[in-house]
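For reference, the structures are reproduced in the following blocks.
Paired with chain B in one complex and with chain C in the other, chain A is shared by the two complexes that follow.
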Partner chain A sequence: MSSMKISNVTKNSLEKMFSENKRFDGRKLLDLNNLEIEYNVSKKAEGSARVRLGKTEVIVGVKLGTGEPYPDSPDKGNLMVSADLLPMASPRFESGPPKFNAIELPRVIDRMIRESGMLDLGKLCIKKGERVWTLFIDIYPINDDGSLIDAAGIACIAALKNARLPGLTKDNFPDYDKKTDERLPLSKETYPLSFTFFKLGDKLILHPTREEEESCDSRITWGISKWNKQYMINSCQKGLEVTFNKKEIIGMMDLLPKKYDEIIKLIGEKLNE
Partner chain B sequence: MVKRISGRKADELREMTAKVGVIPNADGSAIFSFGETIAIAAVYGPRQLHPQHMQDPSSGILRVNYDLLSFSVSDRKRPGPSRRSREISKVTEMALKPVVDISEFPNTVVDVQIYIIQADAGTRTAGINAASMALAHAGIPMKGLISSFAIGKIDKDLIVDVDKYEEDYKEGEGATDFPIAKISGTENYTLLQLDGKMQPELVKKSLDMADKACEEIYEIQKSALKEIINGDGEK
Partner chain C sequence: MKNEINEAHEAANEKVSGSNLEERKIVIPGEVITSGDDFLPGEWTFREDDNIIANRYGLAEQVGRVIKIIPLSGAFTPRRNNVVLGRVTDITHNGWLIDIDYANKGFLPVAESPRYINKHEMDQYLAIGDLVSGKIWSISGRGIDLSFKGKGLGKLEEGFAFRITPSRVPRIIGREGSMINLIKEKTGCNISVGQNGWIWVKGENIDSEIRARKSIEFIADKVYIGGLTEKMEEWFEKN
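On to the complex of A and B.
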């Protein structure tokens, strides 16, 4: 596959198919793609996961270090999400300083995780004002065939669930040889998930392939979770240059809880392993 | 009824000021403030785009740079672009682009520079309002103005135009920030971001609240633009 822009022929035929609620791979417009999760892809990481969403593959690792807290949160651990769009994963990715997508992806996921309340950073304090755990979540796409944000979001949640704290030395530095069974302070009921709607003409689709994604004119990512038994929207990010109207947003609000339940039904057990 | 420390009603914006033509060198410029938040914007172009390989022979391009002045926040912001400012630059660009028609200016760029002089929450939205006026002032062909502000939610209540105190609210369901930009007079959104906790039903309700707030912002923008045309300003 080349890294060229999508052709008008492809775009036109996709537009025609979308108007009949059809897609090349046999799915309907709002159908989700096949999803697989695997744990422990790297033993050196404190937690790791591989997610396959259709042909898209992402691996995420969690590393834990210790450091000083930020002045405005002396009793809270630090969370840092970053992504490196490896040239290995797609002809569209180039090495060099991070481009907008490589900045946006981890920031959108960071907001979703942080705001959902899934992770209790208050419990990652070692000594108030002096030493706290620093949690690094690093995202690496291995093969990008669309829906990278949604796949990466699931991989991050899975890697967090998979993580175990390393031991501590006397001076509160991590001792990576001393493994513990202690897990991260995660909520038992709150898992944020992201859903990115892509728009072509007036049609919306979920979990696009790369080809579909590149044909679309606009996108919007929502992070949703369940908190105190209510569905909560935790993050939103509109992308690209075409607008969304009120009717479309209202439709998304009605659909999101259903799609959320659909995925949780599929992977809920796997996440609680 | 939600009680706000500022004494504002739930649907009440902070006091707004807007002035067009504040930077004589620029092709278009404006300053916009929401209470204590002040944004200034300048537009240069359409002008030849360098480096040449970035040129688009079928259309002009819009390029936005947003940043905070180092002293505009409590803890000094290190000068130069950050991940945050690069993201906001890009989302601002996408918020403005739907109304900007520069297809008649191939190989050119329209540069929009936005700086925050004083930050008290809502800086991206104030920046978008200033930039939208500056583009109009520069005479760039536009299909409408963009009006922007943030809906907030403190605990269970929706409020309009969050200030810093409200943004840092921690009780109950905490604080949610939901910046919205809209093409004035339409129901088309050009910027939607959110972080916090908001029930899907309240997202819908927020959009209704946005209609009224954006209308008020639009009136302020319009009258500032009229003022400059009527000859009180530099150009």
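On to the complex of A and C.
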């Protein structure tokens, strides 16, 4: 991979291509990329998944521990999402203290999972006010070829679905040698998914490759889920400088249910294994 | 990636007969390619006592008495007279700084411009983000100096640039430019290949540009195939 930034001519060329509804990999502007999911990639984590979205690759692990609840929610489990943007994933990532992207990515996904109500944190209480389950969701991008948020979102859901609770000792500490078949209290009806629209000129694209992503002026991430045949927006995050207008937002709202169903159709069966 | 390397190993090692280097063989850094005083170390190899040892992962080849390696992976290492594509990243009082996809930036002096330029209006000729094709004039402790003296060098207008692994550049060009000429002829595009792996394509319409890019990426994907030019002719008939 290279660290050279996108040049003016390439950006203009992409803009021209997008106006003809064409992309380098043969997709249309709003076509999704190839998606592959693999489970149990980590032995030590309670749940793990590897997702490939085009050439983008993300590994997510769910680690379960026990801890004290937060004072404002004594009967609820804790959820922590974190990401480590490894330098091997992209020349854009540097080792060192987390930078903007490494903070934004897990926060967007945390919000998406939390607000969808997919995970019932109330059922993760062991003893009220004293001991609750703590979920650590760790995101490790292996290769960043664009649309990292969307890939990480799918990987998190897959890893959560994959997770099994470990046994407990007498003092309510996890006993990792004792494995149970009990799963996390996840809703069967709803899966949150994130869709990030990128904007170049007046065109919107989904699942961009890295060069497309880098040439875009603006992006917006929607976390959506479906409950009782109703589609819901759970979270939203806008990035970069250029604005979106009302017409574009309405266009996205029309499109999101279709794209949501498309992905669920692809991964729904796998998720329910 | 794993598969293509395996493929390459199989394809290359099938052809290796014994230990003499009549055919190419895959070597890894530190591997003894051959020993004896009959041979001389060439590109990416060095001599230690009696042995000639590989410096890079690639195909070892014997040309006359010289053993050399054609690297299969690795970053671009600039050399004198390499043509590279780069992106203007900064303008200084006496020239432009060019990102050539290497640890050090390239420097293009203002004298390389084909016409007189007012020092306050240097971005009239090359602005930040513009794509240029230049030749490496010198590599010294101060840095890498670029030059526009040569055919086809200068600012690249329109079209687009993309990157392949720099070690595959010789395959894209082919023997005496046979491969690149084939692609140019079949797609009708203008193509400029930099030794740093960046390739610029400009065609009459977007479809021909996309086709040119696909064909180049097709070649860059293949680690080891003999008779690639014939394979490409087949590819162009199908696509």
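Operating definition for what follows: the second predicted complex is superposed on the first by the 273 of 273 C-alpha atoms of A that agree within 3 Å, B and C clash if a C-alpha of one lies under 4 Å from a C-alpha of the other, contacts with A are read in each partner's own complex, and residues count from 1 in each chain.
One rule holds for everything that comes next: contacts are C-beta pairs under 8 Å (C-beta built on N, C-alpha and C of every residue); 3 or more make two chains touch, one makes a residue touch a chain.
From a predicted model like this one, the values you see are computed outputs, not experimental measurements.
Chemist: Would chain B and chain C fit next to each other on chain A once aligned, or clash?
Modeler: fit
Chemist: Nearest 10 degrees is fine: what angle do the Cα centroids of chain B and chain C make about that of chain A?
Modeler: So the angle at the centre of chain A is 100 degrees.
Chemist: May I ask you to name which of chain B and chain C touches more residues of chain A?
Modeler: On the superposition, B touches more of the residues of chain A.
Chemist: Output check: A:N8 vs chain B and chain C. Expected answer is one of first, second, both, neither. What do you get?
Modeler: A:N8 sits against chain C, while chain B stays out of touch.
Chemist: Touch check for A:N234: first (chain B), second (chain C), both, or neither?
Modeler: Touch partner of A:N234: chain B, not chain C.
Chemist: Would you sort A:L256 into first (chain B), second (chain C), both or neither based on which partner it touches?
Modeler: A:L256 contacts chain B only, not chain C.
Chemist: Examine A:M80 and indicate which partner it touches, taking first as chain B and second as chain C; both and neither are also allowed.
Modeler: Touch status of A:M80: no partner.
Chemist: Would you sort A:K22 into first (chain B), second (chain C), both or neither based on which partner it touches?
Modeler: second
Chemist: With both complexes overlaid on chain A, what's the closest CA-to-CA approach of chain B to chain C, in Å?
Modeler: Nearest C-alpha atoms of the two chains are 8 Å apart.
Chemist: Of all residues in chain A, which touch chain B in the complex?
Modeler: So the residues of chain A touching chain B come out as 71, 100, 103-104, 107, 111, 114-117, 220, 224, 227, 230-247, 249-250, 253-254, 256-257.
Chemist: In the complex of these two chains, what residues of chain C are touching chain A?
Modeler: 86-87, 89, 99, 101, 127, 129-131, 156-163, 197-198, 200, 206-207, 209-210, 213
Chemist: Sort out for me which residues of chain A touch chain C in the complex.
Modeler: 2-5, 7-14, 16-17, 20, 22, 24, 26, 211
Chemist: For a test of understanding, state which residues of chain B touch chain A in their complex under the given definition.
Modeler: Against chain A, the touching part of chain B is residues 75, 83-84, 86-87, 90-91, 94, 97-98, 176, 178, 183, 186-201, 203-204, 207.
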